[in-house]
């Protein structure tokens, strides 16, 4: 939809926009109003270049896009019945709990092995463990390849699939070779399209699941879902969206909690949404409230940092990690809120699952 | 705490800051560090002018304030045990539900009278009804004095205390004379200090309660609590804080939902917090999720727009108002989440209530 | 323009939206696309209630507004040739400089009288002096009626028209009675519609000019221009828009400088734009850079805080006020940038001024 | 500086914080105030883990950091006299102009060769040409290795050094092998620490210059300068900071223009700042105003998109690129504003350059 600056375009201007949209296989239909005439673009309007050219015209006030640019992740795509499963949970049918340490301490593997056992006991379905860490300060601890062995040992002992963040091709290869089930793309890399493509290519044909964190800035939902499309585009649509707070931070939190976007995401995409309350608020004492709010907003799961002894942790754990006891109580409350929220809603979930494909990680 | 731009101040600069703080009855204590020296302000540092003068010095990088500027609303003030009660609910002990129409239609009083009966039946303790309306568009309906009669008639019929927004002294006087129990300060007037003072003066010595909405901008908590202090300062501390979403809006909502500030407010002030999910999200279908999230974050109550026939409403009701049926289901779920959230927490509430004063509206 | 959630509306849904728009004298025209059909609203679409009703429909994804809601302030309105003049400057033809103290100190009138003489000498056309002050902290100095006498005395001595902020009807009356030429609406009251109406009514039939500051939140341009429409609507269109920084603050400034909105405002409204760099950045040393940036963006003038001895000032002056020497150098540079920016542009200004009305304050 | 929640810490709590800070070689010094006691951390407080541990303590309200975490990029570091030179310009002594196409069209190399010649003639010192492009839409054109040959051919013909964005190790290697002088890190990768390290390692020992764009979110200056520290840390400190607008966008622009951060950056770091007005505003007609505002704020240079025939361009060029004629006029005005802004300032630049090192790209 093209809105001119003037009340209508001149015949010459109409010829120019017609020429541009016809290059993309579309046509122009004028909508003559009482005061102002606007111009609809009829056809498959997903060509970015067409939009950029139209927006560059000096007599155009703005362009409104009507059509979704998402082919795979769109709520109206054929994949809308696709279901993702991991750790024994079919997303959407049961609350998924991912829990574990932000950072594995390579010098103290026992903390992580104890945390792994404890979070399993507290109700986690997937074990989170940070092997490599993006840190604002270049002189802070950046992770250690050795922690990958500790992570996989914890996976073997608990039987839980594991989730870890990868930031480049080297880490991606190591993680997949070691048998990591869930690859995490961090907030700082959510728009790193080279990495998204590398991951998309690497997980194509595998059952691997990608947990895609939301970028730090308060950007559009469009950008977030497009990033998932980058990965799915290579053939593996097992992408979970993970809001984790945006910048600038709310006065007193680490970030601005953003669980409220869940209903907005769910109107546009079929992708499951798992919220990370730990990074959203950045302090252990606020985590349970934020986690329950996420469930209230319709989140399909939680990704929570936990540690058997937070004060002995490294990375963000001393600030953010909750103890297994707090996690256990939180999971119980979260499940109760989950039931409440879904009570009385039409059971579309079950119907879909029957006809849909279920991918198990 | 004064942080200089250089690693330390010159003796002359120290004399200058000393002179400034001594005018406000404070003194300077240097903190000598390994690399840098900083300068503590010792004493009652609440004098704004002292800060403005110090911040104006060219050699000062920044000033960190240590002391709360709130005398009455501070969590550590003597009023911390004060309890507010309205509609049979002592805030903090039971979920408070305020519900009703955004705008009373003076041409169709029956809608409001029916809504009033219906929201009471659905569980509301206070009846909300907009008599005068702040509207972005000067040509939109701005309210009507006659609606005040309809509001009070609904109050008599239902026995519910009523809440209505006032925007100036004229409306303030009419509302108080008519017997309005709860005066609402809207988001656009949250920093209108003339109005806050007029209200503070008018409610002093009365049992009236003020519902103070949060300003639209993503400002500091400091400003929000200060606005409450403006009112309380005149003698009536019955101020309830009401987050209602901030600007810029989250992609798809009317505003950026801000219920997540509840824990941050509660660390700083004893004032009860009642969240308005209707303005936060701006569309009826999103309201229940936002309301439950507010309870998850520890809100003491909800202020919800409801209408017996939203599509026949005026003002924001056609967009935002939920039906009494949806309200009833929401209240039940909200009470359940309220119980869950508070389960296992130390019952400080009850203890406080014993020793505290309870003001009933 | 109505965008449905589904690819098209059912006949029943079309009947419903048709019924709603016909109530406002409009009609529906479907635009049939290859994949999706959208529905244009043809007619005068400025009825808010029609929009609210359409947005409330569960099958509507969003509504795009095509038509400007501004009748008087719109760039395409008949008032587009109206020119405002004050202090010997026709806005748009010469850089307007408003300068003076944030706060007049009633105990030290000489500071203000000296400042007045100094800013005139430095090039100011209008004298700014704060009589009443909105302060975040209720215990801070709030202004004093006596300062109005000092302001008017300074006006008499310098011959400069004066600008002062009013926050309620009492102050409005005093200011107009005293002969204040320019009434300032502060950022906190920019959406206080009761005040805007009171001012609009009071200045109708006078030559008074209103300097309307932008609200603190990063709201839409729409809200800002609508606030001006509130005032102009009563008959006096002498409204100047004044961006002054928004919240949340940029890391290190008092606010987030927003002079960059000038070109966006000028595309939508004919109203002159005068930028306040002092509140945007909040510290004297940053003011000149911000002021020149405002001119670079096409501002018609500056509103700057200045004081003969900033460190002796009260209110914000110790932090923000520049000295007359700095102001003089700034005015010279600003005029040079003004010339540069306008060089080579078609002289629409002059043409307009010939046919337009010029109101002199 | 540790601020406790209570008015002072218990002896046990003091022992706990003492134990934590001593692990990082610091000590605690209490500052006893009239009402409240706070606790200074004395020593080298740059250990992130120490802060995370302190912030995790339940009795701590907040921690204020006093010391800069930057070792190399800090304004007080030994590198403060380091000067960067490229294209015949010593940054800080003369306005640097980087100009060229957002995207080189591999099918129409002549456009770029013509643009290169034209921007040189218009006053550019460095030629910008996008070989690989980060695009929100995975189906949009993503760049082509062949464009690198076109870029280098243009460099040979014009004699201008070239600037191109790299997003991964593969592109980094190709670009350096081809002889690219200035490597651009895009906004989406500004916090991609793996890439920053790869670039840092690759440019160590070379004269290559890195143009580091600011991340899209309105993050802290701290994060921006830290990203530069990541690169410089490997031995080559030739990093230029490039603000280019942040999200969320200002109503009508592509982003929220952020040239106003220049003075804030320059207080903290010696790194030169070159502003990109093209991405800040996103539309050709707004670019000159934004560019001049950047110079007004003290920017050391501009990075501008230009194209001989914008409407024939690909990528963002049809929207954002200005023509060589507009560029030429802009450069002239920018140089004039540059002179004005610096007039009357102490010539610290020249003095520094004498004693400092100058690295020429």
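Order of writing sets the labels: A, B, C and D. Residues in every chain begin at 1.
We adopt the following convention: a contact is a pair of C-beta atoms (placed from the backbone, for glycine too) under 8 Å apart; a residue touches a chain by one contact, two chains touch by 3 or more.
The shown structure was predicted, so the numbers you read here are calculated from the model rather than taken from an experiment.
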Contact-graph distance - origin subunit A, target subunit C: 1
Selected pair, greater C-beta contact count between A-B and B-C: B-C
Separation of subunit B from subunit D, taking each centre as the mean of its C-alpha atoms, in whole Å: 40
Subunit B and subunit C, separation of their C-alpha mean positions in angstrom: 27
CA centroid of subunit A to CA centroid of subunit B, Å: 33
Sites on subunit B at which at least two other chains make contact: 218, 222, 248, 267, 285
Of all residues in subunit B, those that touch subunit A in their complex: 218, 220-222, 248, 250-253, 256-264, 267, 280-281, 285-286, 289-290, 292-298, 329, 333, 336-337, 340-341, 343-344
Subunit A residues within the subunit D interface of the complex: 46, 48-49, 52-53, 55-58, 69, 71, 134-142, 167-169, 171, 188-189, 191-195, 198, 215-219, 222-223, 226, 229-230, 233, 246-248, 283-285, 310-311, 314-320
Subunit B - residues contacting subunit D, complex: 1, 3, 5, 7, 29, 31-36, 38, 40, 42-44, 64, 66-67, 76, 248, 267
